[in-house]
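These notes open a run of structures that come right after.
Each of the next two complexes has chain A plus one more chain, namely chain B in the first and chain C in the second.
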Partner chain A sequence: MNEDEAFEYVKNTLRKEKITPYHSHELEVVKSVERCINCGLCISHCPVVAAVGVDRFSGPRSIAVELSRSPPEFWSTADVVYLCTGCGTCREVCPKNVDIPEVVNLIRARIFEHRPDLVPKSLHVLREVLTEYYLAFEPWEDKEEKNESRDMRLERLGLPFVQDKILDKAEVLLYPGCQAEERAQEVREAAKVILDHFDVDYTLLDDMSCCGLPSRLMGDHETERVLAKQLKEKVKKLGIKTVVTTCAGCTSSLSDISYRNEWGVPAVHILEFLAEEIGLEKIDSATKGSTEFSDVHVTVHDPCHLIRHTSRQITDFALDILRQLPGVKVTESEANDSCCGGGGLVSYHSDDVAKAVVKENMEAIQKTSADRLVTPCPLCTAQIESNLFKTGSSVEVDDLTVFIAQRLPKKR
Partner chain B sequence: MDMECDLLVIGGGMAGLVAGTLAAEAGLSTILLRKGQSATAYSSGAIDIIGYLPDASEPFSTPEEGLAAIAGLYPLHPYSIIGYVDGIKPEDVVDEIVGRTRDTITWLKEKLKDTIAPLSGDFKSNIFPITILGTTKPTCLVQKTMYSEDLQTREDSVLLFTGFSGNADFNPSVAAKTYLEDRIAIGEPPRKVGHCTLRVSPFGKPYNVSSVEIARHLDHERSIEDLATQLKPQVEQLGATHVAVPPVLGIKTAMDNKKKLEDQIGAEVFEMLGFPPSVPGLRLQLALEEMYRTNGGKMLVGHEATSYIKTEGRITKVSAKAPRREMNIEAKAFILSTGKYIGGGLSGDENGIRETVFGLMTVTDAYHSAGEIIPSRYTNRIAISPEGHPINSCGLTLDPHFRPINEDGVEWASNLYSAGAVLAGYDYSIEKSGLGVAAVSGFSAAKHAIDFIKEVA
Partner chain C sequence: MCMSDSEFDVVVIGGGSTGTAVARDCAMRGFRTLLLERDDIASATVGTCAGMISSGLKYRSEPDIMKMCSTEVVHLNRIARHIIMKNPILTPFRDLSDVGSDMEYVESYSEHAEERDVPEMMFLTPEATIAIEPLLHPDVVFSVYYEEFFIDPFRLCLLQALDAKRHGAEIKTYCEVIGFETVNDVIQGVVFYNRITGTTEKIGAKIVVNAAGPWAPKIAGFSGAELELRLNKGAHIILDRRVVNVGISVKALDGRYIYLFPHENTTLLGTTALDTWEDPDSLVASFDEIEYLMRSIETYIPSIRDARIIRTMAGVRPLVADWKVPEGKVTRGYQVIDHENGLISFTGGKLVMCRHMAEAVTDIVSKKLGNDSACTTHEKPLPGNEADVDVEALSAEYGVSMHALERMRARRGTEMTKILELTKDHPEWKTTICTCEPIIEAEIRYAIREEFPQTLNDLRRRLRLGTGPCQGTFCTYKAASILSEELDLQGDDFLVDILDFRAERWKGIRPSMRGEQLAQEELAQGMYSCVGNLDQSDVDYDLKPWEEGV
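Presenting the complex of A and B:
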């Protein structure tokens, strides 16, 4: 047997033993686990541990020191590893920067490959949607109905309708993400209102497709790759300089794939675009005149994918912008940066866990006595809104992009 | 992303947060970078100033006595550096050190008064709180929930050690035995102790419950009342005047919970010092962060200082890395308070001990270069040893303005200051001085940095 044959032989035995060797891009994550000093600081901060206890979810340290260490037996962790919301809190507090959320993705990918029977069923359903439509939600069958739903939302929120702009070339690509494309259409519309107001040269995709984050979170590398490749081609063709998105998950995911797949263009959240490209002064003078709104007392929720997967500075931008909007009073909640439970695809199969996690936020939001919660992510908006509604709370919830767009004077 | 400020603090433990608060309070625009949590959040939360001299078996009864001894014996100890004031008379040096330390402690107590971790104890004397092993340890300040006014002075005191079933951190019967034996040996009260175990089930099961889970559970309404109901008959049966619980009385509501318990059971309740990571350490960290923010400081959590630009002997910019963003922060002065090996300010490998952000010169306990010290050769064979581990005393060495110095003995940069565990010349674990050195050096470094910024501005 020559060397190459030997290599192939070993690879085959690994396959038989259900071991997938680490890919080179996973090595940094794997190595980060070696740095764990077993201090346990992460357990004290994990929102899932706080919500359901270590007996149900053994927590980030156990993911680092136990669950990550037995490749062929990864499957045995399935009851735990799908309960992580991927909030990134553990990585942020860890003195050694152990990348636990990525370890979780890595384990899920192994289970997906070798023991798909242990992947929660609802994730398989999601996968089918993703591979069929390249979107995380089944698209509307009837375009007319979709538009009606959009118009109703716009009317309720008092937002003007701006025609879709689909160009061959532009400076900015507005990427709404699946949630704002198919469900929370008002967020996509609000982003258009904002970009239009500030005369940004932007375009939408003529054929929106998912960034691949859901596939990544369920461990479906194959679909993840297909989606990322599609998107890269679309972006490249447009020759844009920046991708702007309204979704927290898309911000971190696009930042990640644009870097890994060498798009050569940055992907930013619309808050960053507003603060850094448009500038606070311009926003200030634009919103000064708006008198349509009565005073409102808001509190803010910081999405994990912005603060812990991208940068905390982005929500500082949010506060800067909110504080200069006329008639807006901001009170920070005690749990402003606590995971809403909507991440990691947990709510797809273990809604009780997701609900237990968001409870912390509910109580803290009530305590602020704000009448409105704003958050720069349509997914967090949906998760918090439905849970607040169920508790009978009178606090209303708005996506922050919508909230800002509402306060811009109507262009005529 | 680019930003500007007067002072950039790198590191968000005790040293960095004290320094940042002082600067923000003085009206400077201050940004603090913190990459993770570390020794401060990990500690037992008791603020030690100085408990022992290395090698000594008798603790100091007052911090003042300890500081005087340190100043005399260890001229390069971080506490001693405070005494190097231009034109100071030799006989005033100790007063200067003691004065600055007292000021820091008074200031810190005042600042933490309305947080979740208000402090008890004062600079006049060391106190000897009980650990969950039933031993005592010298320290200077503890959180109010951990303080007992008269347990060890009141002739008729009776102490009940209370544990929780399913919480493996604390064994009340062992602690009670150890503690009582100690008290009998020195012939001081309390002369009677007892122990009991209560049930808490944060998630419906009375097993596998961690300390932080209990604390969080007790933050929720009505759970403390349930505890009081269980505890009351035990207190009455023993005739206990005091109840010692592990440090789990709550994260946000510990003070309230202590009071509620005391009202309902008619005995004084206090938390013992626990193993890391302990709830009081977490409370202290959160309280310090709140203190910094309410004084106007800006904090960038999850941002790691990775590189810098230095021109003409001065640092102009530091780059910080978040998970998916990078930014440059320009400042007039910088404070490095990145901690030791846990915090990540120092790292050691087969090539020696390094300072991780600027590559500053590191020294050993004997002030030789630590740049080539191999960490494994610089530890003691016994883990918990009264001599400590020489590696704990490695770190940066300073000029009188709290600026790290280079091989020539002069400051490495005119506007870089340093504080806390990243400094050389002391071993917190044997001296019992960790959070004290961090606070006092943070305070001192900030004073110098503030003066510098005001001068150049």
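Presenting the complex of A and C:
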């Protein structure tokens, strides 16, 4: 056997033994989990454990001290690790900074590679959508219908329609993410309204494609790589200086891949762009004297992908902006930073778990006696809105980007 | 003295890999067999080995032994595959001049590869080598690839003992042989102290097999015979989790080979080889041994010190007494010595050949006692290896997580269904007791009822209790209360057993304590001293030789 044949033989043996060698970029994560001292602080804070108990989801501690120890056995953790919503609370409270959410991704990737049959079926369906359309949702078949849906949303929310801007070159790329592109179109539209209002030189992609986060979360590294590469090429071609997004998941994912794949371009959430680039003063003067709206009492939900995967500063920006909007009263909820259950693709296959997780948020929201919940993420918005609706709550839910756009005076 | 009228054909002394294999073979061939072990099954030498059932590649100067090792691997894979895992292994080289005559290994290993269903040794490019193990030094110029099998040494010994029991043998642990009854210098009976009942007992024996490992000379001495061994210390460092993708074997600072092997859910770094005259009972890994292993592996895995060391373990090899040669040149074969006074002793041997050693001695016993039944130990499966286990189906049926069941399967094979049956009447026994392994309560109860443990340390050997990164920080009290309930232990016994268990963990933790394990030990100390007040306990407990006084 020559050396090449030998390598092929060894690779085949490793596959049989269900060993995928740790890549050098994963070694940091493995090292972090070696720091676990089994103290159990994370279990007391994990929203999934709190919601469904350790018999259903054995929790972050078990992922650190038990499930992540032996790669050839990773397949047998599939009934547990796919229930992690990836909120990152464990990592935040861990005295040893163990990177559990990344350990989960590392394990899921091995399960996906060696035992795809143990990956929840609905995630395979999602994968098919992603590989066929490069989007996390099947696109509208009829563009007209999509536009009608958009217009209905705009009308209901009192938002003006701003024409799509697709340029060859611009300062800013507005990246709405799959959810706002195909489902929560009002968020995409609201972002356009905001950028247009402040005369930002921006463009949309002529061919929107997913950042790869859903692929990463299900363990499908191959599709993740394809998507990330595609997006990098599009961004590079435009020569933009900043990527602005309205989705919490996209914010953390884009920050991550833009750093890892050396885009040389930062990716920020629109709240950060508003606070840092536009400036609170401009927002203040733009929204002053807006009398169109009656007073509203709001409470805020902080998306995990912003506060724990990117920076807590972003929701500070959210509060800064909200507090200076005329007629807006903000009451913080006791569970403002508790996971909505919508993360980690859990709701795709275990909706009962996702629903149990969001319950804590529901109760805390009711307690604030706010009329409205706002959150800077279309996914959290959808998850909380549908659950509040089902419990018969009168609290309404708005994506924060929409809420801000509504309060800008109409141009012309 | 408590006189017993029991009369055995064969009394086996020692509950290690060899002793349990002998008891099994004797019982299967129909002899009335008793095994006496002064501590617990697998509590000494075999419990400190890496579990490699070696192809014998290091023994190329002894072709017969290589052949025997290879055949034994085939047998073990037949009788005990449920407790065996395969490790792909790389031996990387940074310098061609390091290779030298070592290439002879390639040929001798490959000679028997086919029967073990592994490939011949292969050469890999530096790129392939680094892709398989990115922790390796970038200067690697090539590597050699081969495969070896690894067994759970504790379970192997226990399964051999349990199988012997099933074939009618008696297994007595905590019974220390203190003398022989002789007539005309020929052994008629064995005198032992029963550490559980606190009584001295005597039983009749036609033939006594001395499989006491490092203590074999002492046993032989009781009969008036002389036996010499070359005792050789070996220490391992145990790292948290599998830190390497495959086994790595490298040339150490002194030209020997050392290894870093993924083993179950840990990684073992070993081993040293030092002639020793220390008491095997209180032996710990020395600073020099730890540094020798770390510095040697560091030449190929520069970041090894970032990995978390959870503990060390040290044991004694009872080598054949060849002197005036380096340890590596001492035969790895075994000798059977008939003292012609009713006692037959072993010297030498390796884990992989324990069954072969048993067959050889049982053949002699058969001849002496006039029994011509053939050896079947290489054909009949050990308990649990009767069929494949469908972990997914069992998980769905009994509502226990797949990973807990996969770990249970690796310990027990088909026998695990008996444990899961217990959860039908006691669903609360699905509770996880040891979080690192993990172990559920039902398995602890089952092990106590069926596998004759007396202490928490015995449970550790049967279940890997407290062997994970937290080293028993959280499971000790929980397991102790279950053990107390099952064995009806009194309050003081409960505390002494906890202290014994903690002391045994400390024995391995102390020598290598550094880095992240310091934080773990701080937490454990808080648990046992500040919460449990164990340091202030007034129970009657003698500090172990490796513990400091208060």
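Everything that follows uses one rule, which is that the second predicted complex is superposed on the first by the 400 of 412 C-alpha atoms of A that agree within 3 Å, B and C clash if a C-alpha of one lies under 4 Å from a C-alpha of the other, contacts with A are read in each partner's own complex, and residues count from 1 in each chain.
One rule holds in what follows: a residue touches a chain if its C-beta (ideal position, glycine included) is under 8 Å from a C-beta of that chain, and two chains touch if they have at least 3 such contacts.
Fair warning: this is a prediction, and the values are worked out from it, not measured in the lab.
Residue contacts after overlaying the shared chain place A:Cys39 against chain B and chain C alike. Shared-chain residue A:Gly53: touches chain B; no touch with chain C. Looking at the shared chain after the overlay, A:Cys94 reaches chain B, while chain C stays out of its contact range.
Look at A:Glu171: by the touch rule set out above, it reaches neither chain B nor chain C. In the superposition on chain A, contact of A:Arg308 is made with chain B only, not with chain C.
In the overlay built on the shared chain, the residue A:Asp371 is in contact with neither chain B nor chain C.
Of the two partner chains placed around the shared chain by superposition, neither chain B nor chain C is touched by A:Asp196.
Once the two complexes are overlaid on the shared chain, A:Asp316 sits against chain B while remaining clear of chain C. Look at A:Glu396: by the touch rule set out above, it reaches neither chain B nor chain C. In the superposition on the C-alpha atoms of chain A, the part of chain A touched by chain B in one complex and by chain C in the other spans residues 37, 39-40, 54-55, 96. Contact residues of chain B toward chain A in the complex are 1, 35-38, 41-42, 202-203, 205, 207-210, 212-213, 216, 252, 276-277, 279, 282, 298, 300-304, 322-325, 327, 342-344. By the touch criterion given at the top, residues 1, 3, 6-7, 9-10, 13-14, 17, 19, 21-24, 27, 30-31, 33-40, 54-55, 58, 61-62, 65-73, 76-80, 96, 118 of chain A touch chain C in their complex. Remark: chain A residues 37, 39-41, 43-44, 49-50, 52-56, 88, 91-97, 252, 255-256, 259, 272, 276, 307-314, 316, 334 touch chain B in the complex.
The residues of chain C lying in touch with chain A in their complex are 85-86, 88, 119-120, 122-125, 128, 131-135, 145, 147, 240-243, 245-246, 262, 264-266, 306-308, 391-392, 395, 399, 401-403, 405-407, 430, 432, 435-438, 468-470, 473-474, 516, 519-520, 523.
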